[in-house]
Each structure stands twice: as structure tokens, then as C-alpha cells.
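Following this line, the structures themselves.
In what comes next, subunit A is part of two complexes: it sits with subunit B in the first one and with subunit C in the second one.
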Partner chain A sequence: MGAWSFYITTLLVYFVVDALSAFSLNLQFGYAGVVNFGFIVFQAAGAYVAAVVTLGPSGPASFQQYILGSHLPFPLDLLAATLAGALLSFVVGLFALRRMRRDYQAAVLLIVSLIALQVVSADVPLFNGSNGLTGVTWPFGQLFGATATGSPYLYLGYAAVIGVLVCLGVIWLSRSPWGRSLRAMRDHEDAASAMGLNITSLRLQVFVLGGAIAGLSGGLLVEYIGAWSPGAWGYAETFVIFTAIFVGGVGNYRGVLVGTLLVPIIFLEIPRFLPAIGYPGLTDSLEWVVVGLAWMLCLLFRPRGIIPERRLKAARPASPLETAPAEGSA
Partner chain B sequence: MGGSMALGAADPLVAPIPGAPVLEARDVAVGYGGVRAVDGVSLAIRPGEVVGIIGPNGAGKSSFLGALGGQVKRSRGQILLGSRDVSQLPPHDRARLGLVRTFQTTSEFARMTVFENLVTAAEGDSGASLKAVILHPGRTHLREQELAQRAFGIMERFEMTHTADLYGRELSGGQRRLVEIMRCLVRHPRVLLLDEPMVGVAPHLTGKLIDDLRAIAAEGLGILVVEHALEVVRRLCDRVVVMAFGKVIAAGEFEEVVADPQVQAAYLS
Partner chain C sequence: MLAQLLSSAADGIVVAAILAVAAMGFTLQFSLTNVLNLSFGAVMTIGGFTAYLVNVAGLSPWLGLALGTLAGALATVLLGRGVLRLYARRRTQLFEMMMVTLGMSLVIDYGIQAISQNAIYGYTVLQAQPIRMGPIAVTPIQVGIIGIALVLLVAVEAALHLTKLGKALRATAVEPSLARSCGIKTSRVVLVTWLVSGGLCGLAGVVYIISTQSVDYTTGELFLPLVIAAAILGGVGSLRGAVVASLVMGLVTEIVAGFGGAAYSTVAGFAILVVVLLLHPGAVFGGAEDRQLVL
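== the complex of A and B ==
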């Protein structure tokens, strides 16, 4: 396999992972109005758990230290990653989503993201500290004697199938009466609860569901790249996904897909191809300039995103209410 | 009943319960820090009755409604819905028991269509729970059709069918008020609390809204309405309660209450 096709395949795997993240965040933010500034933590939880449950047991003599080491077969590895994201978001949601202003919730979640990074970096026995974990394998691939890096096309297909199924599920839920309740909560919390919606419970539900998808995406990512460390999940990563859904169109999954293609994939890859200019690390910093520019251009020219949220027109009831003779029917 | 009311007979908007009263407040108080916004207010509403609350700005009318609906924390007192004490229940549970309200500042769901505003109001029932949606798609679909029918029926009654696909934020102030009221009715309420429902409603439409509200009450619903315009109160309400400084200073029929010198002093000053 050539370097280019490997590169493109890798980008596409990233696209699947980012699309899962963006769909999850759009469900939380675009539909429910929950500003999850700690999103990346739940992806990281899934990645770490998928890593340790496939790496095998870790002993005192092992070159990397971690908890929960085991050899779980497919699909328990991804299931564990999903549950890790769900469980962590349940615990975090219990205290971060209490009845308080949304900007405070966002701030608490951002702080959770910072604290989690510090704790995981410092606590080596947990997930091998700041060195992170390497040598992660792909249990599904082992069934066929394949490894993620040895058969990237196969992995891409595998990730794509999971990604498409989950994303379709998210779309379906968003359009359901449950998704409509989320939008009511987003638009006016007090009115929604005065109409009988249990805001606390709805918010926790969407937070845990989003966390589960984030965990799954982390599992898919780590089994492809084979390694995971605190460097992979800085709080800034959350903002890349937020930028993607803002640029694409909050509340519109087609827009979210376009945003995911543009921001984390195209915009953030372009600087890599620029000739090395200035001091080392300048191109890396340029990535953040690109993210900032994307925000500003979007706010200026397409404040609702490239493909804005769509109006859902009501189907008129099949049997019209013709109790009285229709007046003026020409 | 006129032609537009024909629907009411086939599909009662409210769930009447026998006996009196449908809502009772006993010695309700609300404090914000040191401020006593509501200081021992008691009142009762019977089914079919429209009770008005008037009083100067800052009298505690909205805070009292908040205490009834559960949006504002009570410092003392009891709230009974029918025979049930709902004082400790969160707002959504009170709503599920039939106590619904509108707000002083319009509270339409701005990025949802009028139709969606209405059907969402029924979502507090378990039919829209994540579990029901996932496990019973067939039932959910049926329920959606019933809800659509009901929503269009209510829109027809308020002559708002042409706005069904407009977003909340695209409506005029008066239309937003109507959306709030229609949304409440979707829930088959027993009690309706309205906080200044006529604000923003075009003068030539207030008459129709008064008639509509009276017709809804006549089906057995209790309505408690905070209103500034005395003329509206006179035409809409069976009884009036006057509040000032968190207390009830007078209550009774409109004519006798406004003639009360104490009321004139508090209200007109």
C-alpha cells in the first residue's frame, strides 16, 4: 500500500471518528442546548478503556502500567469503551448538570476536562501517565489475522459500518418525539418544564447517550492508531468539534457532516502541506489560526452554518376536522 | 356555542373533575433574600371559574404564580391541586397533574414551529420517553397522529392554523401569547395560570381572546389570570383578588373591589 493511499485511508478513519463525535455533540448542543465543553474527556475514556481491555494484564514489571488490563474479544472491547463513556458522563452529569445557568454548566465541564487531563497525566498506575499507552490491537482484525495498520482498508470499512449505523440512530432519535423534547428544553427550559418535561432527566439522558457515542468513537480511534496519551485529548480538541458543527450548521446533520469534512479533516490538514516556514511548531500553531478564522468567517457570512437547521413542516392530519361545513370552498 | 366551538364538544379540551375547588393556595409566601415578595396569600379556584389577580407592579403577582407552578421556591404555605398537596412537587410533575401556566415574558419555543410548540407540550407524558420511542415505535407513531389531530384542532379554534409551520420567533407578540395558551390546552389541563396574557395582543383581538378563555373555562377549567387592564379583568373574570406588597388587600366581585378605597389607594397611586 502506498503512502498516499495509507494517508487518505487514515484521514477517512479520522473522518468517521470525528463524524461520530460531531453527531454526538450536535445531539447534545444543537438539539438539547447542553454545552459540553468537556466532550473530549468522554472520548478519551472510551479510548483508554478500549486500550486496556485489549492490551492484556499489566504487571509491576510491564513497561507500561494500567488498570483493568485484559484480552476482551470483539465486540466486548468497543462495548466496554461505550460503557466507559456512558458511565463517566453519568457521574459527571450528576454534578455538572444540576439546575444552574448553562454557561456555568459549560464552565464546570471545561474544568472537568482540565482536571481529568492533570489526573491522568500524573497518576501513572491508572493509564501509564503522560507517556500513555502503546501497542493497542484490534480484536476484530485478529479474528482474520489482520491488524489495523496492516489492513487499513478493512479497518476503514469496519469503522464506517459502525459509524453509519450509529449516526443513523442519532438522526432517528433526533427526529423522534424525544428529540423534539430536547429542542423544547434548548429553547426555553422553564416553559418546557412547565409543560411537563423533566428537564433534569432529559439533560442527563442526552449527556449519557452522547457520552456513550463519544466513548465508542474513542475506542474506534485507539484501535486504529494503536496508542493513546494525554497529548491526544487536550480541551482544545473539543473546540475543533464545536467549530465543525458551527461551520457546518448546528442542528442539521448534513451540515454537521460537511463541517466535519471541512474543519478537522481539510482545514486542519492543509497547514501540513505548507512549506516549513518560520520557527519549528509554527505550522502547528497555524492550525489554531485556521480554526479561529473558520469561526469568524462563519459568524460573519453564515451565522447559522453552511447548511442551517431545517424547518420541519407539519403534515396536516389525514382526516381533516370537518365538523362544520367548510366555508368558502370554491 | 359558535361554529368554531364545535370541536370542543367532540374533543373536550379539559379534563373536568367534580367537586370544588380545583386549586387552592394556603398561606403561600415567597422571599428573595430579605424581600418578602409574597406574604401569606390564600385563594381557591373552582372548576369553570376565572379568577383575576390585579395589583401594582412589584406586588408579588408573578412570584405567587411561580410558587403555584413550582418555578419559584416557597418559604411557607401549601398548594393543593384538587385534593392533592403538590407543594413539594417539581414543576413538571405539577404540569402532569394538570397545573399549567404561561409566563409574563413570552416563552414560546423560538426555533420550533407553532405545530411543534403544541405537540411538544404533550411530551411530558411517558409516550415521548426515550424508552417508549425506542421500544414502541408503532405506538409512538399512532400517538403522533393523534397529537397532530389535536394540535390542529386547537389551532383551528384560535384561528392560528395558517401559522402552523412558522417558527416561534417569527410570530408577532400577540401570536406568541396565543401559542403559549394553545400549548397549555394540549395538555388537557385542570388549571391554567396566565401571567399578563394580553400584553402584546392587538386591541381588536383581546375581545376574541376573552371570549375564547371564557369558553374554555366553561368546559370546567379553572383559570387564574394576572392582568393589568381593568377593562379586560371586568369582562374576563368572575372574581378579582387584589394584591399589594405581597398580601391580598381585597377580593370579591370586580365592581365592589375596584370601589374599595384601600384598593384605589394601592392601585391608582
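== the complex of A and C ==
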């Protein structure tokens, strides 16, 4: 296959992964108002776990050290990644989502992101420190060749099926009574609480669900690219996804898809086609500066996104109280 | 065992002194404007790099200390007054302001990464033979850093309680609209606060890189978790609280590092905040959502 079709296929795999992340973050931020500034950590957790459970046991002689080394077959590897994301977000959520000022919550999650990076870089026996893990294979190695990049179309199809299913699930969930209670919590926490919603539990539910999807997306990503290291999940990575949501439209999945196409895929790939400037790596740094500026401009001009969320139309506007879910957390 | 404990504790006090300088600046600005300023770490890096450039130019490290402080102050005023005012005019709420400061942090961090070619620069100035007292070894500059922190604590406390401006600042922090109607020029008070907070931030950046002997674009960001944790733990707006919290965090992080947990030292410091959050919600959760933006 040509270099071009390989490149496009790779971008499409990234698109699936980024769309999963954006949907998950949009569920948390757009619908529930939980500002997860540490989102990338949960994706990273999924990626690391998917890597170690397929890499096989790590011995003293192996060139990289890690915990939990084993050979899990499909679909247990992705399941493990999903569980890792969910479990980590449950633990983090237990202290980060307690009732406190929203800016404290966001700051605590950012801090979790900064600290997690330091820990994983410094604690080499955990996931091979700052060198990271390489040589990750995909679960269909025996059938189709060792690495996923060897059969990119196949991997794209596989990722796309999982991605579409999960994204449809997220859309379905956000339209369900549970999704409506998330919006109620976001728009008026006290009123939602007075209606009988358990805010703390609801927030934790959406946080863990989002973490699980993040873990899954990390698993899908690492099995394709075959390597994972702290360089791949700096705190800034979270804000690419946030910017995609802002550009597309907060709380609007069609907009989120457009934003995902525009920001992490098209915008971050354009510099590849421009003449190289300066030393190697300069364009990468400048891209991040532009992401930060875009983030600030979005907040300045379109804080609800370019295509804002549509107002929810109640089925029977005459009796708004009846339509509110009263059973607590669904 | 005891020797290790003592030597780690000495290191901890040095870290605490650096942390205290930063946390005082953070808490002062936060209590007045109510903006959780996440660009604080990035501004620390600016201070550090300024000192590094002064050193490269062959000038005195003391000038580096002064110019690093100045750079931090100017950058913070530019961000706090220039950028945040733009948003305030569009009625951006407090929470979105925090997101804006995060965007600034991204721009500054990666701007510095671009300029510094993503490299780590050594900064070995003011180093001297350590003074040994049994297991404890401290260099004169470390003693100096502790001294700077103590002097600053006394100076800022005195300024807050003895000068008219300090009184105005405290009044504005408690009730901005009332302060304004009493004739206090709150806008000027806020400007001074951004200046002082930024100066402390830049200074902390310089003393931090003196202590770690290197600077790169992540320098401030790695220190930010402890600064925010110390400021929140100490009680927002309380300088003495910030200093005490810094002392606790500094001791815990260095003792954990000294006993083989170097990778987890920041986690241990942050864990204190988490434990306090869980055991004593009231101690930290105070300060309801209805605080207003003061710019």
C-alpha cells in the first residue's frame, strides 16, 4: 500500500480515538459540567494497561520493566484497559469530586494530571519510566501479522466498529433520563438536588463512565501505534480535546465530531505539509502555543462553542415538574 | 535512620522556604481577586529563565534574583490586568477565568519550550561548600533562601497590617463593593496585588532553580501542585497559614524522598491536602461559590 493511503488510514484511526475521547469528555463536561482537567491520565492508564497485558511477563532480563505483564487474548486486553480507566477515575473521583468550589475541583484534577506524569516518569519498575513501553502488539497478531500498522485497514475497521458502538451508546445515554439528570445537575445543582438527585453519586457515575471510555480509547491507540511513554500524555493533551469540544460546540455531538476533525486531526497535521522551520520540534511547540491561544479565543468569543447545544424541548411544557426524573440516580 | 531523617528534614525546610514564597504570592492574589490562577507555574518558569539569561550574560546572580522577580511581577500584571480584563468586560465568570489562566499557562509553557529549544539548562550559581552539622549539610545559599522566606513573611504581614494600602487590601478582600463605596480605589489595590503576587512568584522561580540547579520549560509546572496545595491547605488569604502548610509539605515531600520514595514525594505532599479534604471538609471547603470577581 502507498504511503498516502497508510497515512490517511493512520489519521482515521487517530480520529476514532480522538472522537471517543471527545465524546467521553463532552459527556462529562458538556452534559454533567464536570471539568476533567486530568482526562488524559485515564486514557494513559488504559494505554499502559493494554500494553502490559499484551506484552507478556517482564523478566529481569527484558529491556523494559513493567508490572502486570501477561498475554491476554482479545477482547480481554481492551476490557482490562477500560477497567483500568474506570478504576482509576473511581479512586480519583472519590476525593476530587467532593462538594467543593468547582475551580478547586478542576485544579485538583489538573494537579492529578501533573503528578501522575511525574510518578510514572520517575517510578521505572511501574511502566518503564520516561522511556516508556514499546513493542506493543495487537490481539490478532497470529492471524494477520504481528503489528497493527502492518494491516492498517483491518485495524481501522476494528477500531471504527468499537468507536461507533461506544459513541452511539454515549449519545443514547445522554438522551436517556440519566442524561437529562446530568444536565439538570449542570444547570442548577441545588434545584437538581432538591428534586432528589444524588449529586455526588451522579457526578461520580459520569466521571467513572468517562474514565472507562478514556481507558478504552487509550487501549485502542496503543495497540495501533505500538508504543506509549510519558511524552504522549502531557497535561496539555487534555486541552486539545477540550479545544475540539469548544470549537465544535459544547454538549452537541455533531459539533464535537466536527471539532475533533478540525483540531486534533486537521489542525495538528497541517504543519507536516508546510516547509520545516527552525530546529526540529519547533513546530510542535508552536502548535501547542496555538492550541492555548485557540482555547483562550474560544473562551473569549464563543464560550458555549461555535454550534451551541440546542435547548431541550420538554414533551409537555405544561407540567415541567412531572417530566423531571424523581428516582434519583438512574 | 535518625541521621537520614535529620538530613531530609533540613532539605525539607529549604523546599518549604521556596514553597512558602510561592504560596504566599498565590494565596494573596487568590484571596483578593478570587481567580484561581493556574498560570502561576508558568510565571515561575519565566522568573527562572530570566535569572538564567542574566547569568548567561555574565551578570551577578543577585541581579538575576532581582530581574527574575521583576519579570514575574510584570508578566503577572500583564496577564492579570491586560488579559483577564478583556474577559471581565465580557462578563466571564470566575470559573471561566480559571480556564483562561490555564490557556495562558499553555501559551507561556510551550512558548518557552519553543524559545528554549526544549532543552534543560544548568544553573549553578551561588554554590558553596555545605556547612556540616552532624548528618545535616546545608549550603550558605540554602540558609539564605530560608532567610529570604522569613523576611518576606514578616515584611508582607507588616505591610498588610501596618500600611494604609495593606488595610485597603484586606478590606477589598473581605467586601469589595463596600470597600469601593468607602473610597478605596480597589482597582489600584488589585494592581498592587498582582504586582506583589507576581514578584513573589518570579522570586520563587529563581530560588527554585538555584536549589535544583537547572531550568527547563516544565520547571514551574512541576512545582505548581505543591503551591496550590499549600495555599489551599493554609487557608486562602492567610500568609501564616501558607507558610505553615508549606513547612508541612516541604518536610513530608523531602522525608518521603529521603526514604527511597523519590518518585512519590509530590504525591505524598498532595496526599496531605487530600486527607485534610476528606477528614475536615469545613477546613478547606469554606469560601462558597458566590464569591465575586475583583479585577
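We take it that the second predicted complex is superposed on the first by the 287 of 330 C-alpha atoms of A that agree within 3 Å, B and C clash if a C-alpha of one lies under 4 Å from a C-alpha of the other, contacts with A are read in each partner's own complex, and residues count from 1 in each chain.
Everything that follows uses one rule, which is that a contact is a pair of C-beta atoms (placed from the backbone, for glycine too) under 8 Å apart; a residue touches a chain by one contact, two chains touch by 3 or more.
Just so we're clear, the structure is a prediction, and the values are computed from it rather than from any experiment.
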*asked:* Once chain A of both complexes is superposed, is A:188 in touch with subunit B (first), subunit C (second), both, or neither?
replied: first
*asked:* Tell me the contact category for A:91 with respect to subunit B and subunit C: first, second, both or neither.
replied: neither
*Could you tell me if A:303 is touching subunit B, subunit C, both of them or neither one (first, second, both, neither)?*
second
*asked:* A:67 in the overlay: touching subunit B, subunit C, both, or neither? Say first, second, both or neither.
replied: neither
_By the touch definition at the top of the document, which applies to A:168: first (subunit B), second (subunit C), both, or neither?_
neither
_subunit A contact footprint on subunit B (complex, rising order)_ = 3-4, 6-7, 10, 69, 71, 90-92, 95-96, 100-101, 103, 107-113, 115-117, 119-121, 123-125, 127-130, 133-134, 140, 143-145, 148-149, 151-153, 156, 164-165, 167-168, 180, 183-184, 187
*Note which residues of subunit A are touching subunit C in the complex, please.*
35, 37, 95, 98-104, 106-107, 110-111, 114-115, 118-119, 122-123, 235-236, 239, 279, 281-282, 285-286, 288-289, 291-293, 295-296, 299-300, 303
*Can you check the complex and tell me which residues of subunit A touch subunit B?*
173, 176-178, 180-181, 183-184, 186-188, 190-199, 205, 209, 251, 309, 311-319, 321, 323-324
*asked:* For a test of understanding, state which residues of subunit C touch subunit A in their complex under the given definition.
replied: 36, 38, 83, 86-87, 90, 92, 94-96, 98-100, 102-107, 109-111, 113-114, 117-118, 221-222, 224-225, 228-229, 232, 262-264, 266-267, 270, 274, 277-278, 281, 284-285, 287-289
